[in-house]
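Chain naming follows the written order as A, B, C and D, and within any one chain the residues start at number 1.
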Amino acid sequence: MTMKKLLRKVLLLDLLQGLSLTFRYQDPKEIYTEQYPLQRPEVAERYRGAPRLNVNPDTNETLCIACDLCALACPEHLIVVTSERNEKTRRKELTTFTYDLSRCMFCGLCEDACPTDALELTQDFELANYTREGAIWDRQTLEQGPQPTVYKK
Amino acid sequence: MPQWLQSVVDYVTKSNNTPGWYADPVASAIWALIYIILIFTGVSIAVIAMNWLERKILAHMQVRLGPMRVGPHGLLQPIADALKLLIKEDIMPDQADKVVFWLAPVTIVITAFTVYIVIPFGPTHAVTDMNIGLLFMLGVSSIGVLGIIMAGWASNSHYPLMGSLRSSAQMVSYEIAMGMAVVSAVLMTSFKGGGNFFRQIYGTGGASVGTLSMIGIVRAQEAQQTWFLFKFFPLGLIAFFIFAVAMVAETNRAPFDLPEAESELVAGFHTEYSGFRWSLFFLAEYAAMIAVSSIAVTLWLGGWMRPFASLHGPNVEIPNYWSGGAIDLAFALVPALTFFVLALFAFIGTVRMPKHRAFRVQTIGLAGFALALGFIGLVLLEPHVRDRVQDIFWFSLKVAVFMYMYIWYRGTFPRYRFDQLMHLGWKFMIPTGIAVLILTAALGLGS
Amino acid sequence: MSEILKSEQSASSVKHLELEATPSPAYLDSDELILNMGPQHPSTHGVLRVILKLDGEKVMGTECVIGYLHRGVEKIAEHRTYAMFNPYVDRMDYVAAVSNGLGYCEAVEKLLNIEAPPRAQHIRVILAELNRLASHMLWLGTHALDIGAITPLFYTFRDREEILKIFEKYCGARLTTHAFRIGGCLYETYEGFEDECRNFVKFVRPKIDEYETLLTTNRIWVERTKGVGYISGDDCKAMGVTGPVLRASGVKWDIRKAQPYSGYQNFDFDIPVGTNGDTYDRYLVRIAEMRQSLRIIEQAVEKLPEGPVMAKVPKVVKPAVGEVYHGIESPKGELGYFIVSDGSTQPYRIRVRPPSFVNLQALDMMVRGALVADVVAVIGTIDIVLGEVDR
Amino acid sequence: MPQNYIPIFLFMLVALAIPVVTLVIAKAVRPDNPHATKLMPYECGIDPVDTARARYTVRFYIVAILFVVFDVETIFLFPWAVQFKMLGWFGFVEMMVFLAILVVGYVWIWKKGALEWV
């Protein structure tokens, strides 16, 4: 046992083992890097990214019923919903919806709270902005959803 | 025709194996100047290439890609970085000693380059052949410590000071071990087979003597028909091992990169340096790496000699092209083939580039690079060029292996602690060095 | 105890550094150097500031200055409902967010006197163990980087990525997962979850061997870590040090075994224990723990029961007046939540017992008399996350 | 061969010119916006407590002294190594005596603890 250890030490086997490992990893097949804008990562279905305010695709009407539950659920109080009572239908109608992404921690509590699935955290993850104001999304931006530049291979 | 011009013409046309051009001072100066220019451009290109290769190889070892954006496969990244450093603001700390702070990188660059004076890239490819070349090399390379001390002291800041003190202690400690190994090599030059040759060149008379001339050391290996690495096996190997370890420590590279251990000392002695002043340290570090590797190649790996230099093989006659041993012919084709293989790799890379107009310039660039490599390979097939340049090729190849080892170590090993490094230097390397020296001398007496 | 631990320890004869630095003889006297290590330092793992008193390279004393990342998490809790505070705990130990969430949810469940259904408990165990692996992998990579080996970092991050992918698929986030809710899990497992976990276990076993190839027997690694940062088991107990640091000092204490929670009593696993209490043993203990975690994951995936993933929890979480302490074994040690309820929807007070913060106390004891390079190694080996230290 | 030394001066001139010229070029093209905090010594973002010009641990000086001793000894070895064959047994024995004295000194400093660091 001690002889084996001595031999290992003299023949630098411990070092050679490590060296051979790093040598083998030079194979280009092992490369793990993704070349991001060209190679886009596949984001999971449940990914919580940029928020979107869903609209009914047929009528283009918002699904939001202005119940304010998302604003109540938000730990950071970053959602502001204002509504107006429509006298004809006697229902509350959404007027503005502000979502401050700069404070959002993407916990998904608003999404869980929404009774109509109007507010949704989508798979878009490119949220960079040149200004702080740009991170505050209004109703229109939220309904459009984020529009990241798409690079092609 | 004046004598110096004649010697120049002789030098170009004949691949004579004696450094005859020393005879004339003017010719000597002219050739020295040409080699100076060649060395500076060559070393600069080598440093740039090393920079790129280090990032790429290290990246591949670490399952990454490395630079990919500037130029095809990041080929132009070092140049982009150099430009960036050139236009970067240079900050000299308030409390720094201005003159010393300015002088430190200059000193380091000068010492790192001056070593190249004595390095023989081929039997005639050297700036000069000094009879005390090895001593000169040791002397100059120890001045590098001074630059580091200056940098650390002038910064007037804690981390650089600690880095420079560590660095100097480390470098001087390993210099002793290095010196022991070098003395063993010098001893070997005077052994069997070495004598006759030096009588021819230097006319030292009857007894066989050793030499400190770098060209002479390779000549001795030629004459003894062995690389000193294999001399008195395993004595030569152990001496080489000591030198190889000391060499890594001398250049402050992993696993002995304590002076600039970024996890402890942030950046060591060049913490306060920025901009182009910093890049001079970088340049010096890589130049020094290449320099000590060249010395290792000269001392232990037979310098410009190709592998199996003593074997020539059966005679072959090819009209107008080449005649001589078959093995010689085979090895003479290696330089060209190497470049063809490199060109092939570059070409495959070109084919595999993404087909997108954003990549058009890069693709064309890579194709051009492949063509250039192929062209160099073609030129190397030409017998006259080949005969004049293949020494340099073999030398560079051996140095390249060392460069790869540097990167490889960096990618694999953890870093020594300072006291362990000193222990290794003082308590293992120096005694082993002395023992090897004594054994070599004892064995040499018999030979 | 794993094989590797046994073989390595029996042969080791570690000369421990003296704990109290002896002052140098007068003729070796030099000025005491005060060196700031951090907050902007590559290897203080965030914004820790360590003031070092040095004699040459020798450390005469240290002082940790913390608070550069203080966000007042405990105070925030007093103004959030129980459910709303849940995502915040992920941001304390952000490399082990799942464990933080697990501890918090279980503490609140204890306060509410409910228990998560078995399926939820199993999912929690799987994710928590995956998270332990992720945390240890990150620790290993950065620790090796501190000691100068740059390559393991990339291997561990590559393999950690597979864990994060599972997290992302399960709950939609990679790091600050917010995976669990009070009363169970919000999400049912996705299709192929079990297979992915099994494949992951198969994938990562040889990878752990690879890390060991690079480090365990490497002479430089052994020299750098053996006998460095020694702390005895008794000192650990006195300091309240928990987790792998405690276990490496020979104290067999793991809350998963000692006070089982979330159904850990149903799984068969060992507690790796070291003997020397030095950096090398802590490294071996964590490596062995990674292997044990894989065992637990395998068992949990095989035994994953059917059923609901959410217990009956009132829509508005409003615990009765009272207080509760619940500690779990996070990758770094005992992570405890002490919650005081005044009967309203918001906690009256939450106090977190973070393992990193408590373990960091032992830094001074571990590095006295050592060298600067050891400070870095020891900070790495304690495995602190500044988000948790400062909260 | 004095003419072999001419290239050294040429070489060192070029070696001096390279850093100096590049530094001058860099000075011409780079921006220069000094600021008091920029010009402070780096100490991880904290104002340095004391000067870096303090007395430093003596161990480094010990290494320096030992280096001088051993390096001079190496220098003695060089001419001996070159003339090794000519000196023969006489030279070998002479050098062994020299080395023996050195080794005795080496063992002494080892035992004395001058090579210890902590």
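The working rule: a residue touches a chain if its C-beta (ideal position, glycine included) is under 8 Å from a C-beta of that chain, and two chains touch if they have at least 3 such contacts.
The model shown is predicted, which means the values in this text are computed figures rather than measured ones.
The chains touching chain B as well as chain D are C. Per-chain CA centroids place chain A at a distance of 50 Å from chain B. Mean C-alpha position of chain C lies 45 Å from that of chain D. With centres taken as mean Cα positions, chain D sits 55 Å from chain A. Averaging Cα coordinates per chain places chain A and chain C 26 Å apart.
The multi-chain contact residues of chain A, meaning those touching 2 or more other chains, are 15, 18, 21-22, 32. Residues of chain C in contact with at least two other chains: 33, 35, 41, 57, 151, 154, 158, 214-215, 218, 371. Within chain D, the positions touching two or more other chains are listed as 43-44, 48, 56, 60, 117-118.
Across the whole structure, chains are in contact as follows: A-B, A-C, B-C, B-D, C-D.
The part of chain A that touches chain B in the complex is made up of residues 15, 18-19, 21-23, 25-28, 30-33, 35, 38, 152-153.
Touching chain C in their complex are the following residues of chain A: 5, 8-9, 14-15, 17-18, 21-22, 32, 43-48, 73-75, 105-109, 112, 121. Touching chain D in their complex are the following residues of chain C: 17, 27-31, 33-41, 49, 55-58, 369-371. On chain D, the positions that touch chain C within their shared complex are 43-46, 48-50, 54-60, 117-118. The touching residues of chain C, counted against chain B in their complex, run 33, 35, 41-43, 57, 144-151, 153-155, 158, 214-215, 218, 220-221, 223-224, 371-376.
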